[in-house]
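Below: one structure, written as structure tokens.
We call the chains A, B, C, D and E, going by the order they appear; numbering starts again at 1 in every chain.
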Amino acid sequence: MTRLTVDIREKRLAGRAVLGPVSFGLDAGEVVALVGPSGCGKSTLLRLVAGLDREVTGTVRWSGEGPRLGVVFQQPRLLPWRTVRQNLDLAGADGAEATRLLERLGLAAKADVWASQLSLGMARRLALARALAVDAQALLLDEPFASLDEGNQRLARAVLAEYLVRRPVPTLLVTHDLAEAVALAHRVLVLSPGPARLLFDQAVPPGVRTDPALAAATVAVLRDLAR
Amino acid sequence: MTRLTVDIREKRLAGRAVLGPVSFGLDAGEVVALVGPSGCGKSTLLRLVAGLDREVTGTVRWSGEGPRLGVVFQQPRLLPWRTVRQNLDLAGADGAEATRLLERLGLAAKADVWASQLSLGMARRLALARALAVDAQALLLDEPFASLDEGNQRLARAVLAEYLVRRPVPTLLVTHDLAEAVALAHRVLVLSPGPARLLFDQAVPPGVRTDPALAAATVAVLRDLAR
Amino acid sequence: SRRARAAAVPLRVGVLRYGTVSWELDVIRRHGLDTAHGLALVSQEFATGQATQVALQAGQVDTIAVDWLWVARQRAAQGPGGGADWTFIPFSNVAGAVMVPAGSPVATLADLAGRRLGIAGGPLDKSWLILRAYAQRQAGIDLDRATEKTFGAPPLLANALAAGRLDALLTYWPFAARGQAAGQRTLLTVEDAVSGLGIQGTPPIVGYVFSERWAKANGAVLDGFIAASRQARALLTENEAEWPSLRPLADAGSDAEFLALRDWYRRGIPPHWGPAEWQAAARLYQVLAAVGGPALVGDGGDTLPAGTFWRASSW
Amino acid sequence: MVGRGRAWLVRALSILVLLLLWEGAGRLAASPLAPPASTVLATLAREVVSGALPHHVGITLARVAASFLLAMVAGTALGLAMGWWRTVDLWLDSALLLLLNLPALVLIVLLYVWFGLTEAAAIAAVALNKLPTTAVTVREGVRALDRDLLEMGRAFRFGRAATLRHVVLPQLQPYLFAATRSGLALIWKIVLVVELLGRSDGVGFQIQVYFQLFDVAHILAYSLAFILIIQIIEWAVFQPLERWATRWKAS
Amino acid sequence: MVGRGRAWLVRALSILVLLLLWEGAGRLAASPLAPPASTVLATLAREVVSGALPHHVGITLARVAASFLLAMVAGTALGLAMGWWRTVDLWLDSALLLLLNLPALVLIVLLYVWFGLTEAAAIAAVALNKLPTTAVTVREGVRALDRDLLEMGRAFRFGRAATLRHVVLPQLQPYLFAATRSGLALIWKIVLVVELLGRSDGVGFQIQVYFQLFDVAHILAYSLAFILIIQIIEWAVFQPLERWATRWKAS
């Protein structure tokens, strides 16, 4: 099964350190939330994990030969000159799954519209659909629910939660919302500001999803840790 | 004083209606939150109000000769080939105010960095700083606090709130967060999905900022209206 | 003679570097023949013949060397009031020759049928028209149809003949002379073709061309130039000692080449200029007009346009 | 935005104005060296009727088409490779600069001398002249590609062909159109030189012949014939193609 | 990424390889029509020592510089205007296409005949030949401009000058570099034709003279001299400039 080992000592960009020592593992089927202040290096870490950048002191290693990834970038990164549907197909989406996800995420009516003509929230939902439609062996999600209204946010979270139940793949979820982290993840990694160090690697207690009080308490604890 | 009158009958894009009948006014010093599901036409409405698009049936009129605007677009829209500081200066920012805002929003260390090298959250904070630094006579803000961690979000909201106390300019604030709307706005406009119609134009009761219970109740009411 | 030069009227001649006109001008200047006749020769170098023609039209020079067909064509095409009042006095009576490689099986014009023939200049070049008329009359073949023609720039064609990519080449005489020195055989000179066409006398081929208006306004200068030029040619004909100093102007690869160039040059010097030559040229024009058609002569028919030749001077 | 119908009206008017200006200037000059539009058009008509112009223009067009295709395909490929891989760029940069700046005349003459005055040499000479400018343009386009989209393509394993077709080419579109427009013009101009130096037919050959006679009306008539054809290609092919390629931007 | 030091090594090696290939081919051919590199370089050295080459190259360079500046400035302005305002585009498109496709030769001869064989006519002829290709390239660049950034500029009232300088030009940079590189090459080639047709000095004049004599070594020596200068300009000006203009992308 797919596993990830991250053991970074330092990552520099344009001559400045943007990541300090960060080590953690991601087991098969495990969902890990990544939390940290803006600019601390979360997106940079995700690029390293995705293998899009290899210049780093330390190791970032996937078991096996590197899984097929489903990635949600922080910006939608769609091909504006292709339709919504084509953006899914070109990424290697499964046809039926793509249709289902467009439907679920309220984009079915836009299937044949140029991606350039979507609103930002639609583009972000499409980016999420793309990551979930490609039969990924691991998910890397950079704020997948940002810029969505409450209704669509709830919907998108539900879609991801169902997905993870059906296909428990290792998932790295960058989020600013601790409640979201607690609701979806098995573990929460809290990063420090500046060149990010790993502050805490905190397991989410098993009962949170059924016990709102426990969830609230966990969020409070995490908020304290993150401060 | 600057006032805005919006009386749109229809706005079409690429042959499709994206805005239905929407009418409202924005008085001097009034902060109005604009809420509606993703894709309903909020950003389109803001473009019309900003005078960036004039093709519409209906009227969008500012009193006087059109105020100097401070705009936060939904995407940062920075000049990547200019530094953080230059992005402010080129937009016509007041020098001292720009320095102060960079400081407040945690960007002082990045003042001389290319805008292309910012993280998304930093870019968004810079976009907010730009809108607030140009001595605007009206603000148009499209989700100014999205993609920020809790700490920075709180900070940015505080910066805006202080600004509005110091200089009460008419402000249109697009947001997905009803609590945010209630905390900052005098009125909340709720738009329908599809080609947006104005569902409700709801005044926020004066006491909410001091009374958490009232705020929560207002949010609940709005959530109902928006459903 | 510096004072003489200062007093002299300048005469601007457009020439080609390494062109044969420069030889004559060089002799004139070296012997002070121009100042002796009250003029100061100024030669302006250009890279191609066309460039000299552009220069003449643009008023940059007073005269250039070009063939009289060019004059006739412009006069015919533009009519009497057309402004092209160019007129001509002779410089050389030789045009060129058909050259074949040393061991070529081609012995007569008739043998050219079905072979690859290179033609310097275009399809309206005088030599080509003369050759076609001559082949028609003598051998009864239409070279235009019977050969595999290649038009092109003379240096490229010379190279192609040397490389065996052509069987025969109709080219200008300086290239013919060089070929001769390199062992090529002259199948037929254009001058022989002209007399083979039954044209009595020797029509000129290339000459100095200038504007009639200019000539009328500068009669003394023109006459002085003609006199100087004839003196120079006499020197070149009679005096072997003139030639070594022309060597650097000729860019000859070898002595043999230089001698060949000298002989062709001398052969071309027009001994006379008068009614006999004008009539010969008029008859030649009829022949060319018949072959070249309206593309060559314009709408003027086969009568040489009046004024093509400068008749006020003759020798 | 200007409506489609009005756009064509303006286009037609602009050509009319051009012709009128030309006509007026020509009449004022009253010189055979500056013939008015009417004279040139009459000459053009006569040459068309005689069949000479269609013959030569056809031959030139064929040469232009062959060289153009060669140069665009090879130049685009080279530009892509040099923009994409820095090592390729370092190795080939000087050779590209050499080819780019080798005078057309020299290249043509050398190819004619080495390979004979053949059609193949002619077309190769023209294509080699245009190829480096296409490569230089496309290379700039590749260097300006959006890195975020390329990363997206890598993350989703687009593979080389799909990346090229769906990520890279749409971004190169303006560069390719610039290369196409100026390329067609450049190629036609070089074909003229090639024909002038060593071919026995084609527009360049004809222009050379009329140049020797200094017949400006004919020279302009032949030039104009070709320009008219390019104008038609522009309207019938390039502009619709460009609209098609950018239709996702419309509105 | 390849380090700066190694980059220069590869560049030098690539030139060496080029020279060796040329030398080998020349020696194999053993013909004066295909002289090896050593012969051409020796000829080049001789012409430099004699002073002939510096003289002619200097004159040609001056003409190239003048025409280049003219054509780039006017072409960029025209391209900006045509890309920006659709009405301007509609009115001038046909004229641009005409100028773009008017053969260099014809344009040069006409300008010479109409305005005399002056230096001004020569430089104007060259500039007019290059101008339309710059305009076409820049126009494509303008059409491809990011609309979001332009809107941002309008919202914050950048004004025309600041928009041009800080929003538009940075986006046109790759187009301008493409136009510059192929433009310099084009201009130098046209200067050759201009010199061939109506000047009594310059590289073009020399090349034509040696063409009549079929002296390939001299032809190549003169071409090479100019190419070397362009190579130096490329290394000393264009590449540093391009690095500077894209420094915000580096990482």
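Operating definition for what follows: contacts are C-beta pairs under 8 Å (C-beta built on N, C-alpha and C of every residue); 3 or more make two chains touch, one makes a residue touch a chain.
Note that the structure is a prediction, hence the values are computed from the model and not measured.
Peer 1: By the touch criterion stated at the start, how many steps lie between chain A and chain C on the shortest route?
Peer 2: Tracing touching chains, the least step count from chain A to chain C comes to 2.
Peer 1: Taking each chain's centre as the mean of its CA atoms, which one is farthest from the centre of chain A?
Peer 2: So the chain farthest away from chain A turns out to be C.
Peer 1: If you tally C-beta pairs in contact for every chain pair, which pair wins? Let me know.
Peer 2: Here the largest contact count links D-E.
Peer 1: Per the centroid of Cα atoms for each chain, what is the distance between chain C and chain D, given in Å?
Peer 2: 38
Peer 1: Mind checking the centre-to-centre distance between chain B and chain C? Centres are C-alpha means, answer in whole Å.
Peer 2: 85
Peer 1: Measuring centre to centre with CA averages, how many angstrom lie between chain D and chain E?
Peer 2: 17
Peer 1: Which parts of chain E, given as residue numbers and ranges, touch two or more other chains?
Peer 2: Correct list: 33, 109, 113, 196, 204, 211, 251.
Peer 1: Would you give the residues of chain C that are in contact with at least 2 other chains, written as numbers and ranges?
Peer 2: Touching at least two other chains: 50, 57, 153, 159.
Peer 1: Got the chain B residues that touch at least 2 other chains?
Peer 2: In chain B, residues 13-14, 75, 117 touch at least two other chains, as defined above.
Peer 1: Which residues of chain C touch chain E once you look at their complex with the stated criterion?
Peer 2: 16-18, 44-48, 50-51, 54-55, 57-60, 153-155, 158-159, 251
Peer 1: Could you please specify the touching residues of chain B with respect to chain A in the complex?
Peer 2: 13-14, 35-39, 41-43, 74-75, 106, 117-122, 125, 143, 146-153, 176-178, 223, 226-227
Peer 1: Could you please specify the touching residues of chain D with respect to chain C in the complex?
Peer 2: Touch list, chain D to chain C: 31-33, 109, 112-113, 116-117, 196-200, 205, 208-209, 211-215.
Peer 1: Any idea which chain E residues touch chain D in the complex?
Peer 2: 1-2, 7, 10-11, 13-15, 18, 33-34, 86-87, 90-95, 97-98, 100-106, 109-110, 113-114, 132-133, 136-137, 140-141, 143-144, 173-175, 177-178, 181-182, 184-186, 188-189, 192-193, 196, 204, 207, 211, 216, 219-220, 223, 226-227, 230-231, 234, 246
Peer 1: Taking the complex as given, what residues does chain C use to touch chain D?
Peer 2: Against chain D, the touching part of chain C is residues 50, 53, 57, 70, 73-74, 77-78, 82-84, 121-125, 149-153, 156, 159-160, 163, 165.
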